[in-house]
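Here come two complexes built around chain A, the first alongside chain B, the second alongside chain C.
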Partner chain A sequence: MSKHTPKELDLFLNISSHLTGFKTISLLGTGMTETYFNTITAHVNPNTVALFYEACAEILALDGDNAIKDAIKNELIPDGNYAGLGKKIILMWYLGNWDNDVISAQAYTQGLVWDAAETHPPGAKQPGYDSWRERPIKVNC
Partner chain B sequence: MQQQTHEYDVVIVGSGIGGSIVAKTLTQAGKKVLLLEAGLEAGIDFQKKEAFNNYMGYLDKFYQTAAKVPNSPYPNLKDAPSPDVIDIEAIEPCKPATNGYLVQAGPIPFGSDAWRGPGGTTMHWLGSTPRMLPNDFKMKSLYDVGVDWPFDYDALKPYYEMAEFEIGVAGNVDEQKGPDVSKDKNYGKDYHFPMKKIPQSYLDEKVIEKFPKGFKVHFNGKAHDLEFVSTPQGRNSIPNPEYPYSDVVWNEDKHKLELQSDKRWNTFTKGYEAVPDQQTTKYTPVGAVWDDHQGHRCEGNASCVPICPVQAKYNALKTLRKSDPKLITTQTQAVASKVLTDESSGDVIGIEYKKYEDPNSSVFETHIAKGKVYVLAANAIENAKILLASGIANSSDQVGRNLMDHMVMLTWGLLPEKGFPYRGPGSTTNIPTMRDGDFRKEHAACISPIDNWGWGWPKFSPGSDVENAVAAGMFGRELKYHINDVVPRQLLLHFECEQTPEPNNRVTIDPNYLDNLGNYRPVIHYSASDYMKKAFAEYKKVSDQIFEAAGVEDFTEYTTSHPDYAEYEGKVYNFWGAGHIVGTHRMGTDKEESVVNENGQTWDHQNLYLVGCGNMPTLGTSNPTLTMSALAFKTSEAILNQLKD
Partner chain C sequence: MNLSYRKKNDPKRQQLIPEAEQLLGSELRFEEEILLEAAETAAEKKSLEDLKKDLQTAMELELSTIPPYLSALYSIKEGTNLESVEIIKSVVIEEMLHMVMVANLINAVGGTPVIGQFTPDYPSKLPGDVMPQLTVPLAPFSIDSIRTFEKIEHPEGGLQFLSEKEKKKIQQTGAEGFTGIGEFYKAIKDAMIKLEEEAKAKGETIFIPNRNQVTDEQYYGAGGRIITVSNLDDAIQLIDEIVGQGEGTLGTIFSQDYDPQDDDYQVFGPDVEEYAHYFRFKEIRYSRFYAVTDSAHRDSPNKGLPTGQPFKVDWNAIYNFKPNPRLSSLEKGTALYDKSLEFCKTYTMLLKNINDACNGEPDLLIKGITLMYDLKYKAQELMKIPLEDGIHTAGPCFELVACN
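Right, the complex of A and B next:
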């Protein structure tokens, strides 16, 4: 059963997790899921989007992470497939950008790149006086 | 044209740090001031709600702008345009690059920007405040390069102390060392900064620990001790209880400005008050302009350039807000276009300014501001431009000439382990080793800050790291681990080379290039001399030695597609502007060779003073804001004395 309406939102969230390397709970924690989902809807031809989610559904139904990874590499990463959506989704989550534009102030501050780089977005989520003298408190890897 | 009926003691052009220091000092001493500011009214509103909302608007614009360059949070107005690094492009031979506000006549583009608006470029400055060195004031006598200043270091020392109070410098005097630095000589044995030093970063520590004491780097044929010092900076930290001063006050009997400990200006009651005896620290950090309880400590936003969200970093609005509101009148959206003089006496009789309502419309009204004394504090490029447009103050033919900047050669690499950059203020440690020595006879000196923000400046990291990895087909956990491996190991060093005064590096005007209001756009002529290029070559070798000893893998790449490149002995070097726009109306002892005297008073017009980095005869290796602030106090004192007569 789908957790969200429309069901493509689930597909988007789950494929985003595989594309970004972040767990779905981390993606949901950014509060950006619907915004990014709607950004795709607003910018990409509906037929292409529908075909993309059909492909996502098939890939996510595969057995095991390796199979999913291989299928993503072959189906979603090539620039010529689905208007380059695979890469665009990664950049959206990591940088908060669609093409070269910042989607919103929140998209910038919620970019995954800062987490991956073990820091915070410059100008937001400030860690406090003297924090930079120590290793970051949150270490991911 | 509307004549101002009201006459002020002093008319000031520009609300940056220079103009704000003069406005504050003069109004607190009882003088009536008119301040003209080219930028928008909203940026200068000191009512709590309005000031907060306006500043949060800047922050939001910063978040939403893809290229987070220094001017990105701030409005760029057609009626008062700002030079912007985003407009820099390569210049074709004999064809000026006209992208943006500056007309870049070349041969290479001037690499720095500024902001024309309330608070000026301190809104996006980094905040580093090292003093110049004593030897910087006598480059001609010691090294036969450039010119000497009209006074020596000791003459500026009391004003340096005032500037350090005003900016609120955090630093450790005992840790200041390097060539031509000793605590007694440079600071005095009992001197302290107002606040304790901003902690050096974890990254700094990871770099410094790789070099045993006595480690030497070789350049210009000699071995030099590699040293690291904590950088003094205008950024709030813990007030130092040993700092004795509470304010800078005009002493009318002694004809002097003085740092003293008994009273201080209260911004809220708008008057002087006694400092309570029981107060353990005489110095109180100055908070955000909308709420003095915010911004008393740096919170580690790591976005000082372009914007400190809590205003823990100093900006000129903090000084301007201390002006006595009963005595200051501010005209915003008022672009000074011409200084009017009396032909027989040479005295300035007014400043013509264009007042606009809509910043993008070419509709304006012309007014004339009248005072006894006039101060141009509109930044080095604008001051020169206004003087040239007015055809005044130029009997020396030096107006606009000797434009200087620190030419910043960057080097970057990956540390063997994580240093965790992109945290804390932009830089907290510098290498002073190359700041002074006999080598200055042959090539430029430099200061070398360790950058806390990874490869952000030259490579637009970490965004570009993600884009490159994704373009190469990385995704999922492989991508995440790659970013996590690479970005936290990024190291960036600056070699900020002291450009020498060259008469042909200059600002000119040309009636073919006008802005939306019909004011001149500055035409910039700029080049790198062999004295600079040799410095790049020597310091690249220093960088190589540092990287090798620290196990840093070098990723530095210089190309001829970078607009500011130089070739020297068969190799290409790239450099970037430091935002240190200096030297277009230099001071001196000889009216034939300088525009202003030691107090910033123009030789040609007794009631016209120039304030700002344009006054500096040479640049030194210090970030210039502290020095120009010291000079602004010196000028304020001279104006107060002139107004007494």
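Right, the complex of A and C next:
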């Protein structure tokens, strides 16, 4: 995580947590953080990206979850703001896609959509023969 | 080439003998020899209870190799080191098979296998006083890790750690503890044969047929065929299979002179499905497969080393998790603690599942497969989480936790 300014990568990770509803540690556990951060850098106008992270810094500094939620809704989600980056980040984490293109084989496998649906990516992360007959594993013991 | 699959020291004997041939005359004579040898060499008088205890330790010994092998395996980045992944995977599934087979044996002699009450606290010695010089850590895939695995599976066991002088002394006096996994199993086999002889003399047997056995209906496609035990023949076959797949009894490659005519040490190549674990790990360290012409003997032209087709080993394509992860080193209530605890719970649940399967509910084993996969994905997830030191990632703890 040293190639980029840690500050922006950090902002990306933290805002992603709010946007996706997954804890930062779960996002890190996908191993995709840097790839997705770089995907944005590669596809979006640098000025827009810089403004987006500035806005993220301000929003994350707000007091309380509700204030942050409202600010995200008003500032980052509308399609016209920051080239629609807010929504694209959500789609990227959930589907491993950027503009309907799969970012990488790992991105497909690590999509949050599978965890959210308590299933697995077809063709990868097999859960074992006959597992479809059982309820998804819960280890809340 | 004269393929002598059934010779005593042949590491290929995991290739199971077809049942129809099992009771041929030569095999019977061979069995008699074993019986005599065992009666003479069983060092101390062991009771059936002692045997059960030793078998429990054997099962714990098999279990103890699994977390180190899995940790190295899962640390390899996806899509890299394909040959190494296949080799380590083939070894680890055989260790799992061994564990369940020992449970079958414990059940067959009237005991109760207990899985999930014990797991080593890594870095750890091996259970059963086996190779007391060796400490086994949980560490990423590396040359050092593979060296450690070779030591665990070394045909000469603990003797490898000693000087020639010390070795002679031990061989003359009879050592305390066990020099290797093979020797540990040999002691069990000898005691078992002796106990059965004594029981037979009284018109009894120590074996109970079809008691809580896990069969190939529940355990298939992983590491070879599972052996169920109803009598002494089965039990001997089972132990020979474990020793043959593991380190083998190729200790003779270190004590006998090299003889180019003796093809017992030429056991490699495309026709041989799998060879003893020790040699498979060696292939990784030398990033070459054994060639069909290679010999296992260290004084052979190839010095016992693989000279076959090379393959790529990328020691850097790993998740560099901090060795020997422990729950106790994490701050309670942190996100990382919770993730690690979840892994430990899955591990605990898996062992409990195997325990129940080996104690009368064999069908549960199929459900366990889901837990095994889940364990893998959780381990890989932890290994992707960077630690604050900027060097390491988090890793799986393999600890037992409260779990009902």
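Quick notes on this structure:
Criterion: the second predicted complex is superposed on the first by the 132 of 141 C-alpha atoms of A that agree within 3 Å, B and C clash if a C-alpha of one lies under 4 Å from a C-alpha of the other, contacts with A are read in each partner's own complex, and residues count from 1 in each chain.
Convention: contacts are C-beta pairs under 8 Å (C-beta built on N, C-alpha and C of every residue); 3 or more make two chains touch, one makes a residue touch a chain.
What you see is a predicted model; the values in this text were computed from it and never measured.
On the shared subunit chain A, the superposed partners chain B and chain C are arranged side by side without overlap.
When the two complexes are overlaid on their common chain A, residue A:Ile25 makes contact with chain C while staying clear of chain B.
Looking at the superposition, the partner that touches the larger set of chain A residues, chain B or chain C, turns out to be B. When the two complexes are overlaid on their common chain A, residue A:Ser131 makes contact with chain B and with chain C alike. For the three-chain overlay built from the shared chain A, the minimum Cα spacing from chain B to chain C equals 5 Å.
Residue overlap on chain A between the chain B contacts of one complex and the chain C contacts of the other covers 105, 126-131, 134, 141. Residue ranges on chain B touching chain A, taken from their complex, read 59-60, 62-66, 68, 199-202, 205, 237, 297-303, 307, 309-310, 418, 420-425, 428, 452-453, 462-463, 465-467, 470-471, 473, 475-481, 483-484, 487-488. For chain A in complex with chain B, the residues that touch the partner chain are 18-22, 69, 72-73, 77, 86-87, 90-91, 94-95, 97, 100-102, 104-105, 108-109, 112-114, 116-120, 122-124, 126-136, 140-141. Those residues of chain A that touch chain C in the shared complex are 1-2, 23-26, 28-31, 105-106, 125-131, 134, 137, 139, 141.
For chain C in complex with chain A, the touching residues are 78-79, 335-336, 339, 342, 345-346, 349, 366-367, 369-374, 377, 381-382, 384-386, 390, 402-404.
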